[in-house]
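In structure tokens below, several structures.
One chain, subunit A, links the two complexes that follow: it is found with subunit B in the first and with subunit C in the second.
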Partner chain A sequence: MIKRVEVNYRGIFQKNLGKKIGSDIVMIASRMGQKAFSNGRYSDSPERNGIPCKYFAFVSPDLPEEELEAECGAKLEIDETNISVVLDDTMCKGVEPWGWHGIRPINEKVIKDGCLLVVSRKKPEELLKFIGKKPYNYRIAILDGDASLAGLWVNKDDLTHERILGGIAAIDPALISIEAVESYLMEKTKQKHRAEAARAAFESLRAEAKPPRVKLVTPKEGIDWPHEKPVLPKWFEMQEGAVVPAVKRGFEVGPRGQSRNAMFKRGTTKTQRPAVRFDLCTKCTLCWAECPDECFDPTKDGFYDIEYQYCVGCGKCAEICPVKECIVMVDELRFEDDSSPYEHWKKDSKDYIQWVEDKKGKDRVSYPFVTGKGITVTQGEVMPEGKIVGIKKTEEAEL
Partner chain B sequence: MSTVPTIDYEKIKGVHKVPLEELYTSGHRTCQGCESATTMRGFIKVAGPRTVVTGSTGCMYVANTSYLTTPWIVPWMHTQLGAGGSSAVGMAAGLRALKRKGKIKDEKINVINFSGDLGAGDMGIGGISAALQSDYDLLIIMYDNESAANTDIQATGLTTYGAQTTFTPPGTKHPIMQRRWKKNVAGMLAVGHRTCRYVATACATYPPTDYLNKVQKALNIGGPTFIHTYDPCPKGWDYHPRFSHDLGELGIKSGLYPLYEVVDGQVIYTYDARKSGKGRIPVKDFLTKQGRFDHLKEEHFTYIQKMVDEQWDEWEIPGVAPIKGILKARI
Partner chain C sequence: MSVAVAKAKSDQSDVYEREELLNGCQAVAHGVRLADVDVIAAYPIRPYTEVMDALSKLIADGQFDAEYIIADSEHSQFEIVKHASSVNARAFGGSSGTGWMYGMEALVVTATDRLPPLFVVGNRALDDPGAFGVEHNDAMAVRDMGWLLCWVTTPQEALEHVLIGYRIAEDKRVRMPMGLAMDGAFLTHSQHMVKVPSPEAAKKFLPQYDLAERRLHPDNPISVAPQINEDWVMELRRQNWEAAKRARGVIKEAYKEFNDVFGERYSAPYYFEEFMTDDAEVVLIGIGTVAAPARTAVRRLREKGQKVGYVNLRWFRPFPTVELRECLSRFKAVGVVDRDFAHGSPDNGGILMHEIRSCLYPAKQRPAIVNFMGGLGGRDLSIADAQKMYDITQQAAKKDSMDGFVTWIGLRE
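Up next, the complex of A and B:
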């Protein structure tokens, strides 16, 4: 018997975290007398900031090491998983690591009676508005917390790693037990608070816990998955010399007027998306000029529409925008579709401003220059229509 | 006697005049906030649709042209890591021959090679040197993100002193493992290739349109040309992607990245960090905003500052060539 755990994480931001979780599952399972093995998904490399990636851990109580490795080590992707850990809840909207994967549901590999363990502040019901249906029962467990984003070199030690281990122990004690997690963390780090964090996460996911954080999901719950898997051409269908056809040239002023690569939209890369108040826009063009993903569409009256399907949520536009509250980065899970904000505004500007302010809310979550050094939450304000206030640039304010 | 060189080109006067059409469009697999993608998008915007691009292996090759993730509207060809210069020469020679034989219309077709700092600055520098001695019209752009970013950040000859990379992990005893000073590629190529009419350094987004106009000039002056761009990399430099513009701006303002062009042997500072604003800002303000310098101590900041000061105050041609003058004494 083999039990599989996959860790879905945001490329680079959670690379070290994902790897740590995978390797510690192996260490703890070995201490319990099981054979275990861990690796990353080969095709995720080279990783890019924000791209959804996976790390795997395999545990077997009965197979010898060679057999386990032969079974699991030689595969590019696993076919099924007992526990799927999701380190950032915005991945519940679907994951698209490369063009040939297509946009896949986050629970794609979860087996019958398996579990999706999500780090989130949301309730399972809210997440199920985005997650695809399964033909069988499975569980969603919510580990209360924010996505822990760090960088390649500066680690963020916010105990997410320990809490995930505790959470896995609560979901399947036979895989790793909480006692083994605690003793491992104590022995390795000699720091009591780490073992305590794992224990607290374990307690929060137990059936008796109040409020309950584990939900049984039936085949009725979830959405009909709208995205299809791309069909790759056979070798004899490729052009001579395996030449890949270029994107067809096409441009006209207006929303969606630019031709784009339809095969890889990669909007699933974003954790936040820019929300625009067009009535505050001074048409400075900087958001468009600075966008590395070419997702701003120039319009006839000099504004810039956003093609959200291609936006990866880097936040450069919000950072460069010289007007207060004009472009603000908002949690991706507050949005249900990728329709054109400009068209909405043109149709009914009052309604649009109301809508965008509702989405924006009050909290402005931002990261410092070095991502791993924490999150700041500031309070935004609702600007009256047309009231344009300039902002000082960040570094000038700091210097 | 120096003369003011003239280049017949269409100047882009302000961001509102930048061409709207994208020829490097959405749907690529670059990082969030990738500044090299902005660099790519910029050069093809001004070069226009009659352009062929070759790209050396590197992060901008894998991210943009792996199967189904290609955003190019113009023809693009992959070439090996060290073959940036030779691929551009071959492409330009082929086009010239086809035009001479009447097989294609005799019109201006831009040939651009886009190579990274490892591909162009370290491994392919021989080929680029040869290309700059040729008589073909071609442009080589080196996008410098200071690492081999495709293979998860290894140090190259252009990585800033002291930076953490996979090859140079800092330890407690030896915090500085990247002990090489950043290779001065643009200066080296300008000094070494007398007949190359245009060599420049640039940054994609700061000052606005400066980079786009440099590409315009390089494509219109005639002969082989070279541009070195400074591209902040959120992945390898370890900063939040939203600050890509700011990091480039700080690097330039601190004087670590001098912006200049060398036209017919004459240096023009397109942004003089000494004279603009309040003068050069301390390099520490740039370095402390990146995770790759998180291990640096005060003494290292002082050393880097000293090296940058020397570059501006002691070099005969500040920022361009590390020659401090003529020594009269014999040693």
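Up next, the complex of A and C:
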């Protein structure tokens, strides 16, 4: 028998965290007398910032290590999982786990009666607005919390790592038991609060816990998956010499007027997306000029629409925009589609402003990568329509 | 099927415009001129250096017009050549020994990008120690990378193979980089009278270079060699494999076309050349200038009634497997002369010997094989050495034992 755990993580920002979780499952399962190993997809270079990636851990009580490796190792994609851990709930919108696999549902690999374990502040029902249907029952378990995002080679010591171990122990004690988790953490770190964090996470997912955080998901729940799997050409269908034809050039003013590479959407990379108040925009061009992924489409009346399918959520546009509350980064899970915000605004500006302020809310969440706490939350305000107030940029303030 | 070079037919005598004393390097330079190469990138290293010298002189004298770029290293030199080739410029480069190895990254991707520039390799031992005598390991380093690789033995062949090389490499069924190798010093710096083709004849033989749909140009926007992962690499390798297989047929075609223009210069099967093999029992096979002492030895041994012959292997990649198997399985014993080394290899011999043994494995009748490691680092391979090698090969034909079948020739021991 093999138990498989997949840890979905955001490239670079959670690479170290994902790897640590994988390693510790192996360590703990081994201490319980099982055979285990872990592997993962690397995300070690900066262009993989935020891209959904995976770490894996495989545990077997009866197979020899080599057979376990033969069944699970040296594969690009895991066959199936008993538990799919999701370290950032915005990945519930779908992941592109590796080049050319297409946008796949986050629960794609979860087996019957398996479990999707998500770090989130949301309820399972809210996440199911984005998750694909499965033909069988499985569970969604929520570990209450925010995504722990850091920089290359580091992870924040915010106990997410310990809590995930506790969560896995609650879902499948045969894989790793909470006692084994606790004794391992104590022995390794001699720090009681780590074992306690794991235990608290474990308790929060027990059936008796209030509020209940584990939901049974039936085949009726979830969405019909909208993304198709790409079909790759055979060797004799490809152009020779590693040549890729250019995207056909085209440029028209207006929403989606620029030609873009339909095969190179990186939208699953983002945890937040820029929300724009067009009525506050001074048409300064900065967002359009600065966006590294060329997501902005100029419009006839001088505004800049956003093509969200290509937005990686880097936040540069929000950073550069010189007007208060004009571009704000907002939790990706508040948006259900990628339609044009500009068109919405043109159709009904009052409705749009209300809609976008509703999405924005008051909390302005940022993730100070590498240093600082898990997240920083400041308060925003609702600007009246057309009230343009300049803001001093951090760099200017420092100069 | 013996003997090589036939005279040009009388009605084709005007295809050569003059005779000139040229060494291998200068002959290559004239080949480059006649191929009307567009871009030359150069960086000096002996013995290749004289090729770039000769080319710069041709340009300075107004005999030839090409973009001539001096690079800051072989790596840049080969990158320039690769990029020029990708924009549909006929491009030329070259090097020797460790210089060739230094640019290896660019050489490898030129093949994966399926571009057809021509490079001359003046074979040189790989330093350290700083040696500039001939050894074939430098050129052979690209043998598995999707390159065309061929050796010439005279300045005349060197000149002609620049034209033949571009003809094969640029063929749309092939489009692989062409390595034209020649023994350092013994050919690069050996001067002979060379019949120089007229530009018209060269033009008649060698069509324009046309990369067509793969030409990198603003009018034809494409990306070449993007980042690709596991989903694509095998398919690309398969395409390279197919091209290398197709090249065997294109090589034959090219020689036939060459003969049509220039007279019966080369005889079938083109990939290699047999000398006095018709009734031979024992042959040597080698690459490069060793052909001269070996063929001389054959003549002298024939005078004594010994049934010996010589096979000069011209094309190493693609390897002429079928033809060479058919040829060599006719003999009782084959002595393989390696001017290269393959330390720690299965038979502790040279690269060529391993290739030939592998090629002969499916043959119904396999000859005994012996291997000679000789002429390394530019050491002589004399007529006497060749006679000794025939002697050993003849002994091998008589016995079953394969003991000690690798012999070092000319070693102080």
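Assume the second predicted complex is superposed on the first by the 375 of 399 C-alpha atoms of A that agree within 3 Å, B and C clash if a C-alpha of one lies under 4 Å from a C-alpha of the other, contacts with A are read in each partner's own complex, and residues count from 1 in each chain.
The rule we apply is simple: a residue touches a chain if its C-beta (ideal position, glycine included) is under 8 Å from a C-beta of that chain, and two chains touch if they have at least 3 such contacts.
Treat the numbers as computed from the prediction; the structure is a model and nothing was measured.
Visitor: Is A:Gln239 touching the first partner subunit B, the second partner subunit C, both, or neither of them?
Guide: A:Gln239 sits against subunit C, while subunit B stays out of touch.
Visitor: Tell me which partner A:Arg249 touches in the superposition: subunit B (first), subunit C (second), both or neither.
Guide: both
Visitor: Counting only touches as set out at the top, which of subunit B and subunit C does A:Leu76 meet: first, second, both, neither?
Guide: second
Visitor: Looking at subunit A, which partner touches more of its residues: subunit C or subunit B?
Guide: Of subunit B and subunit C, more residues of subunit A lie in contact with B.
Visitor: Quick check on the superposed pair: does A:Thr378 touch subunit B, subunit C, both, or neither? Answer first, second, both or neither.
Guide: neither
Visitor: For A:Lys316, is the partner it touches subunit B (first), subunit C (second), both, or none of the two (neither)?
Guide: After superposing on A, A:Lys316 lies in contact with subunit B but is clear of subunit C.
Visitor: Of the residues on subunit A, which ones does subunit B touch that subunit C also touches?
Guide: In subunit A, residues 98-100, 232, 244, 246, 249 are touched by subunit B and also by subunit C.
Visitor: Show which residues of subunit B lie in contact with subunit A when the two form their complex.
Guide: Residues 15-16, 18, 20-35, 37-38, 41, 49, 59, 62-63, 65-76, 149-153, 164, 205, 208, 234-236, 238-247, 249-250, 281, 285, 288-292, 294 of subunit B touch subunit A in their complex.
Visitor: Can you list the residues on subunit C that touch subunit A in the complex?
Guide: Result: residues 112-115, 175, 213-214, 221-226, 228-232, 234-236, 238-239, 242-243 of subunit C touch subunit A.
Visitor: Please give the residue numbers of subunit A that touch subunit C in the complex, ascending.
Guide: Those residues of subunit A that touch subunit C are 76, 98-100, 232-236, 238-246, 249.
Visitor: Of all residues in subunit A, which touch subunit B in the complex?
Guide: Contacts found on subunit A: 12, 45-51, 98-100, 151-154, 230, 232, 244, 246-249, 251, 253, 258-266, 269-270, 284-286, 289-295, 298, 307, 310, 312-316, 318-320, 329, 366-372, 393-395, 399.
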